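Below is one structure, written out as structure tokens; comments come after it.
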């Protein structure tokens, strides 16, 4: 090993000198109509392969549902896309130009990927309003953040999102005091504020009532087209109501992919995931 | 000037504090210099110096509150930045002694003469200029915080790990400064200062000047901190404190924000140290002691975290209590101080500031 | 009116500035009690100038800036006539400018590194030439030591003392290879390697001794390690300058028997005045297990000198007392008299004692006469030309005999 | 089995539950319903003893448990599967399960086989840290963990959240089995109507902290759903 | 004046020394075994009445007189047990019997006498010079001791101190000696006398003497060799000596490495002991326990109090202090938990504040109760001294004991936490208090017990530390920073981390120390920790998995 290599090893590989990082990532290049390429991704945790040689392509403006048994690796995939987990091998590209594996979380977020977590995570000690403000798209470097002031357009945008997520009268409430479902909504709201190109939503309707579920479905469907959306959900009614193309994961790789009705009748999918009742429903 | 009211818009306690500071900055020196000792209004030099010292502590406490209260970095090593600022100022003051030292050496400070140093070490050069010393007051703590923070934050050292690392930092510095080979006077530190900018440190006039400087520094420091906490960056800090990961996923480079605020806080601490040294007349490695840094955190906690003015109140209150108790109950004051800490934690979870917030005057309007 | 003026006029305040908490409380609390006892006794004798003495005790809490603050409080706020206090050098350095600014008096009772002379400070403890050099002489001449370990805590007192000793030893023909110098941090507690090194150093076939300027708490683990590694007093004697009766009362002394200490006073000194002092102390502190030590004697001497000087001057005014006190002679506890010299140091005998298993010292050697404390060492480059004499017309603490200048005087 | 009377609960100053009355009959499955934020989780917290109540009374069989600490309630036979799973993240799956052994009503020596039978994943993942499991696996673990206590009253807060459909179905069956075969009483919070209809015997609807309906499940009609469960 | 007195003393000193060693080697009566009772009586007389120099002469007489009563008397004198009884008017050997009186027996005929008050006895004082004379004298007498082990010790002690003309005497001893080790010792002594004899001995004799001494690590041998290398005329002798010296130094270096390693382990074990209680209160329950040091201090004071209560049996008192300190500190911990900490769960940083206040209170309380002075805790005989492996390698007993003790404490603790139900409950409570309660874990009790356990362990650490360092109000503060450092370095919440972390830091420190000095070594260790944490932000043994981040 040369000295330089040794030196590199000492340095965490996911870190780059700050001044070397361009402030804005290269523009999103969507010439092939595909916004996300995951190729040959493998992740293992102490010998256990959570994701196994996975290939997944998400089209521009597509609404894709990912389903699969518990532990199939859905959340792990989102972790990889957003930079939280590094895969052992494989490649992940955002458009033609942006190599996700070379970026850290904030860079990926700035490049235009937003994420909602499986367990709702919001800034508990901030008000609903401040949560949305913080998430708002804009220059997120230190100095601009220091001097940033809300202009009317931005204020209106926050109002609009508040209406969408139905937390208008909770605008001054601490996010920590919201109920589980309300936090889910708030997190979706934060995602909207971020105006990402690609939204990753992990179990958005967990803990929501039927009607709220329907509203979420509407919202996601309306986002599709202008945004690309990847939804992970176990609620089949919900999936059916929004799904165009569905990917089924099993043991870390794709088991089936296709339209909802195709997938639904795929015996393998029924076997590992849906169960008899669902397909008859 | 127009920015002032805006910064303090929602901060009544802060407004009161700034007003009191400005008032004190005028009145105390006035009463000290213009009234005779017999006058009932007279403020003795002892009191003025003491107050000046408290103000420096208050500035230090604000610095810690910035890092801990708002950013969630429990720094158990802020004493190091304070002391470094103090040493930078102390070195300037040492160089001002000139030939008035006991050995009459024109360049070398006394402790170097009698330990047989032949020449001034390189890092002592330049300190005979006040401007350079001031620059170092800001640069040295700032640079140390920057390097330390850069290393720690980018490796995502957080929580108690970070706290203990700051402690290790100040502990290592303490041991280093204790070493006589370091060229900072070892255990005895730097003392026996004569004058600052040509004014004798023993004159009441100079002391009054230092007091005013401390009051102004505290006021400016407070406003700067309030400006930050009132901005979106301030809210980002609290967000980072509570949910670091989430902040990353919505696109903030958490490391950068932490680094800036931490460095800023260290610089404040350094300035506090620089003002402190000429007023107390000594700087010595025990300022680096881990326990000293823990004490700062305690001022903030007693005053109330994440309020800024709480930090000021805490620092003033505890140090005043210490001054009074060490004279009134020299044998038992530790019981009192210890009990105070215990009781405040249990009964005033938000510190004294929490108590204030419950009053009508100060309540509600303070930004969260 | 009568009561008002009468009351205020009746007392003379005496400041006591010793740490009662923090790391130094271990040593300094005793001195506070000593002062209370001395003041109490003086009051029983009728006070001073017809007034009662009133002690003002504060706790600077082993915190050096706090020492300065408290000194100012005592002088400016409490208006004390004199202050008895400090232990560490740094605490003295910290208060020194305050005493000079406000022109008050400090009596400093602890052995120290010298290299200082202030108009306002009276050094009643030993200067290096009143402790270290005689001890080395003893080892060299009476024990036949040829190889030296100078072990100390890394701060000014050991550094200076060792510097002086090194120069002194070399001037006596000791080769550099026969001197080993070692510094450790404050409160050092793991002495294994160092003791083992000392042991190795001592197996070279020449008689070896350790001159210890190890400070405070670090001594206990040091001596314990010496005992366990079998470094006995006959093989490698250790002579200490900071270990007295009080420190020994906290150590299991069995393994230490025979090691040495050099002081100006030992509790075991067999004189009548000492017996009375011990009796008074035990009665005052209400605990017959307590011991007396050298800094207590220094306070005893310093206090009596101050009392005598005030009586001589007829006032407590610091300037008058400063003038009056030079030349004052009072009995010390080892059977002689100590005098305040013009350099604000006092004359003292030097005693060497061997540690006994009851925690006392058996005095094995003493200087024939008294030794005058030197403010400036004759063995240091920078200071051998300096003298200190606070009498008019010189009135200078650091007069350079070569250049004929008194530096530091505006 | 469980009776809640005139229960009032406050978060600081905000009044969350208003005079809530609920009756959970022995051996049946009662489902608590309502929109987000109406106070379902809060009510369960009160029953479990994790939240302090301002006034009112909670009775388990014949004992007044209003003022008993949570751990006593658990030992009296109340098992709790919280919302958000609340697995002990740094204990292994096995250790998560073992906790109930020493604290349950009957001191068991080992984890009952039933649990691994119900949730085979847990057997596979015995040695893995609880925190490493996927969301759904954690949910299964949470249910299994409560069952180790051998409870007489099982409280489930949205147990199907994040669980794959075929297992949801299984969980439904399990709940039925627990009620019918083992005589366990179940108090369930669930949003999914069809699931509720499948497993519950009775339902209670909360609206803004008040009980607005409490009936047998068959009586749950579209109108009620429209009125109380739709935004 | 001073000079002459110094010279005089020096002369006396040398005379005494020489007298003890060589002065009478020629009077071979001693070696022949004749008994000189008159000399004995006169010596006894001198011991009672004489000053130090006369006592030195008395010792010398006793050593030479051949009377078998001499050895116990000299031994008693050395141990400080020899008194003159004012009642009986003769020498007695006295020992305090626990209730203030002294049990005595006649030093001359060993007859037991009635116990007496201390005032009735006059101690026969000795000083350093006398002490070394005594040791040499005893060693010489013991050369003919019936026990071979004693003889071996004696010859090793005397090695290198024989003057060249003592060779006849040594040869005499060799003739009757049968034990091989002692014989070897005697031969080495003889060889040394040959080497010392400058050029009087022939080169051949010297070479064969060197042969005999080969591999002997005794410092006297090393010194003799260095002298030969520096000054002997014969090149063959010089070369041979140089070679031997090099080999010896090599072996010393090897043992030195081993010794340093042991020092490191020992320092590490102290760190581990101090930190391991904190690994529980801080690592497991998450209380930033600034009063940890003071709990250690309580343990140390418990040891002191127990020793005061049982002055006669220090060793037993020490053993008893282990459980006692555990109970005292543990109960203190439980009280602290019940009255303070329990209000602060979920607010870990506030615990810092409250426990800091508490540490101030505890310190001051100890100052008020026990005075600010250090207290003296004695070391029992079975823990003092060293285990001697060879002349250059000896491990101090107390360190060995403490090392083993630390391992035992660690093993016991990790077993408790890993294998018992309570251990599981402790960890569950620390991870999710509410949920643990919902699982039927009595969280309040578990908390109190855990905190008590951590505190109790701190108390036990105090017992160990009382054997190494001072017992005073500042004891705790000296260890608090290091303890936190060790816990964090090892990885919070991981006992193995604490063990390995402590030992690593100890060993690293000790290997650095010879290079850098104690101060710099400590600084380097701190810098090392800071850098290490950059590389592994969760310490040596990080918490694994998703949940940890």
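Brief remarks on what is shown
In this document, chain identifiers A, B, C, D and E correspond to the written order of the chains, with residue numbering beginning at 1 in each.
What we mean here is this: contacts are C-beta pairs under 8 Å (C-beta built on N, C-alpha and C of every residue); 3 or more make two chains touch, one makes a residue touch a chain.
Composition by chain, UniProt nomenclature: A, D = ABC transporter ATP-binding protein; B = Urea ABC transporter permease subunit UrtC; E = Branched-chain amino acid ABC transporter permease.
Because the structure is a prediction, the values reported are computed rather than measured.
Here the chain-to-chain distance from chain A to chain C, counted in touching steps, is 2.
Common neighbours of chain B and chain D, by the contact definition above: A, E.
Each chain gets a centre from the mean of its Cα atoms; the one farthest from the centre of chain A is C.
Taking the mean of each chain's C-alpha atoms, the chain whose centre lies closest to the overall C-alpha mean is B.
Averaged C-alpha coordinates give centres for chain C and chain D that are 75 Å from one another. Separating the centre of chain B from that of chain C, both taken as means of CA atoms, is a distance of 35 Å. Here the spacing of chain C and chain E, counted between their Cα centres, is 31 Å.
Averaging Cα coordinates per chain places chain B and chain E 45 Å apart.
Multi-chain contact residues of chain C (touching two or more other chains): 20-21, 154, 185. Shown for chain A are the residues that touch two or more other chains, namely 45. Under the contact definition stated at the top, the residues of chain D that touch 2 or more other chains are 132.
Touching chain C in their complex are the following residues of chain B: 44-46, 49-50, 53, 99-105, 111, 113-116, 175, 178-180, 186-189, 191-193, 201-202, 280-282, 284, 286, 322-323, 326-327, 330-331, 333-334. Per the touch definition, chain C reaches chain B in the complex via residues 20-21, 57-61, 63-66, 68-70, 72-73, 76-77, 88-90, 93-94, 96-98, 101, 115-117, 154-156, 159-160, 163, 185-186, 380-383, 386, 397-398, 400, 403, 405, 407-410. Here chain E touches chain C in the complex through residues 1-2, 5-7, 9-10, 13-14, 80, 125, 127-129, 131-132, 135, 219-220, 222-223, 259-260, 263, 266-267, 270, 363-364, 367, 371-379, 384-386, 394, 396-399, 467-474, 477-478, 509-510, 513-514, 517-519, 522, going by the rule given at the top.
Residues of chain A that touch chain D in their complex: 45, 48, 67-72, 74-75, 118-119, 166, 177-182, 184-185, 203, 206-212, 215, 234-236, 272-278.
Within the complex formed with chain A, the residues of chain D that make contact are 11, 14, 35-37, 41, 83-84, 121, 128, 132-137, 139-140, 158, 161-170, 191-193, 225, 229-231.
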